[in-house]
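The letters A, B, C, D, E and F name the chains in turn, as written, and every chain counts its residues from 1.
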Amino acid sequence: MIEYQDASPEVREVYDDIMRTRKTETINNFWKAMAANPAVLKQTWENIKQVMAPGALDALTKELIYLAVSATNQCSYCMASHSASARATGMTEKMFGELMAVVGMANNTNALAAGFQVPIDDQFKAGL
Amino acid sequence: MIEYQDASPEVREVYDDIMRTRKTETINNFWKAMAANPAVLKQTWENIKQVMAPGALDALTKELIYLAVSATNQCSYCMASHSASARATGMTEKMFGELMAVVGMANNTNALAAGFQVPIDDQFKAGL
Amino acid sequence: MIEYQDASPEVREVYDDIMRTRKTETINNFWKAMAANPAVLKQTWENIKQVMAPGALDALTKELIYLAVSATNQCSYCMASHSASARATGMTEKMFGELMAVVGMANNTNALAAGFQVPIDDQFKAGL
Amino acid sequence: MIEYQDASPEVREVYDDIMRTRKTETINNFWKAMAANPAVLKQTWENIKQVMAPGALDALTKELIYLAVSATNQCSYCMASHSASARATGMTEKMFGELMAVVGMANNTNALAAGFQVPIDDQFKAGL
Amino acid sequence: MIEYQDASPEVREVYDDIMRTRKTETINNFWKAMAANPAVLKQTWENIKQVMAPGALDALTKELIYLAVSATNQCSYCMASHSASARATGMTEKMFGELMAVVGMANNTNALAAGFQVPIDDQFKAGL
Amino acid sequence: MIEYQDASPEVREVYDDIMRTRKTETINNFWKAMAANPAVLKQTWENIKQVMAPGALDALTKELIYLAVSATNQCSYCMASHSASARATGMTEKMFGELMAVVGMANNTNALAAGFQVPIDDQFKAGL
């Protein structure tokens, strides 16, 4: 993991933009772990910055979606860091509980749909 | 798959509740495929009805979360049926695009966090 | 996909052993699709033959476990072929329904455990 | 995580039912982590209680299926807690070894079926 | 799906760059399906173009890695399109067979490592 | 976990072959954790030895493929042990960065292909 003081100018530029954009003075381990690969670091950050910015979906909804994927994938780092950012963006305990209930249910019925080999209904095919 | 006319009273009761709750006159293949197992059918429906009802999160946000999990799990049936219900609940094409961008990004960075073996930051551990 | 009549002696030997072991006269597409790679075909078959043979767990329990993994992974081919072999081995419709209910529940609670970031209980750590 | 002494009456009722049903005096972290969301806690417990109860499949077979899904999903908490309950239900070391061999093999061949793009055999389609 | 003749100038620009970069005159369905969301289309293409370009790893190795992930995730579209591009880049049938054998084995032992709850060896921790 | 000095002759034989083949004097926890099940241990080792041996793909490419699957599956043990063996086989930091970029991108576009429900192009179907 590469700390700010040990970082190359190229990496520092990304670190600076992360801190400026997120209005924080710390760099998460995620970025430090990637910083030995400046190109991967830079591209990943640019993508996240663009994708997570509010648009047709607001910032909180995007954080909830990110958590839904991370719980599904068993990504413990992602749950730890993004449940913090989701709370900072306004996620209440009650929202988190409902989020998890939907995520659990979706993982449940995803397995059922595969297990029962459910064929796609004609009216949904029309939507393609 | 069990059609309404061939269904037992127990199964018909679930079918009736689905149509009443969802204000529709069709039963999706998902339910018909499960109906040979009335207990599984009934429990799954009761759970979905409770979990997907609006609460601290609105119905559309819950549909988006459901889609996020389903795309992550490669559940083609679930994408087909729930992208239809999400659109019926108000998901625009632009929302869908942003949803998919976040889902793609989350799957990307979930793999990176595992691949780079990123240790959880102390400030996120405190949150536990 | 390589049919029996077009197969090399090396591939035919595997095909013959499959038909002999499974007491059938057809070779599933799974094997035909792999047969352009005789080494992969042979090793995969030898492993499956050994692993699926009854031991401390009987043949039906092993088929149920196989289906549990396949539904979780959304493997449609695996569900189609192994739900047939599970039924041939004695799986009833009621067993299948209960299997799917456990699989759905496990996928649900797996996501919840990750989502709520549940730390392992001390008494379970002792078991390691 | 919410301990029994700090729990609301609603949560205590679930905790009491868990201890009564499982004939134990401890509440696992899984439940304590969810208890800030009493509705999720209650629904999850009710579902698990119903789904894991012996029926057409006995309690041990259900535990094995649960473990098969949990190993596939890389759920470390679920493996830790349910390998304990599976052993308490009668799973021997030899059974566990065979379970893992089938789970490993299923994950292997699931990937092969996808990788070789194996089309579903006509005789398995008929089963739909 | 949006065909070239129906595409906006913004989408056509991406289509043109895809055809120029890949030296082809067809646009895959993947891009057409995304084109209703020009921002997602453009960002995804820019990322893929950058990531898949030869560097420390050559183009074929990158295609093999892409296939390894896609088989693991059961992505049938991705296997179909990228096994074609991998073959065009020089993947032989024998390479494909060995790729699949490693992918199957990795999925197998990934599940075993989780199932047996293997603790990380001290010498590998030192590497962090 | 079973140490060498406590191992049965059957297990020692596998341990000896691992150390001989890998030119090392340590046995990883992965093998020790499995050693209570000598049949699983032996079969897993024999498979890995055969599959990871250089062939049409060299040893380093196979290690990269193994890492691609392990990051996708969130297998922390597998990432720890195999990123060590990949480095020992010649993987540079730059290669690792590019590997992770492709793995992240593949997980991203796998989810997009499922999410956008992309139908397989006719020219790729012909390849089947």
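The criterion applied here is as follows: a contact is a pair of C-beta atoms (placed from the backbone, for glycine too) under 8 Å apart; a residue touches a chain by one contact, two chains touch by 3 or more.
In this text the structure is predicted, and so the values were computed from the model without any measurement.
In this structure, the chain pairs A-E and B-C differ in their number of contacting C-beta pairs, and the larger number is found at B-C.
Superposition of chain D on chain E using C-alpha atoms only gives a rotation of 180 degrees, nearest 5. Chain F has its Cα centroid 19 Å from the Cα centroid of chain E. Averaged C-alpha coordinates give centres for chain C and chain E that are 26 Å from one another. Shared interface positions of chain D, defined as residues touching 2 or more other chains, are 34, 40, 43-44, 47, 51, 69-70, 72-76, 80, 83, 94, 97-101, 103-105, 107-112, 114, 116-117, 119, 128. By the touch criterion given at the top, residues 67, 70-76, 79-80, 83, 99-100, 103-105, 107-112, 114-117 of chain F touch chain B in their complex. The touching residues of chain C, counted against chain B in their complex, run 74, 93-94, 96-98, 100-101, 104, 111, 117, 119. Note for the complex: chain D touches chain C at residues 26, 28-30, 33-34, 40, 44, 47-48, 51-52, 55-57, 61-62, 64-66, 68-70, 72-73, 75-78, 80-81, 83-84, 92, 94-95, 97-99, 101-110, 112-114, 116-121, 123-125, 127-128.
On chain E, the positions that touch chain A within their shared complex are 43, 47, 50-51. Residues 34, 36-37, 39-40, 43-44, 69, 73-75, 128 of chain B touch chain C in their complex.
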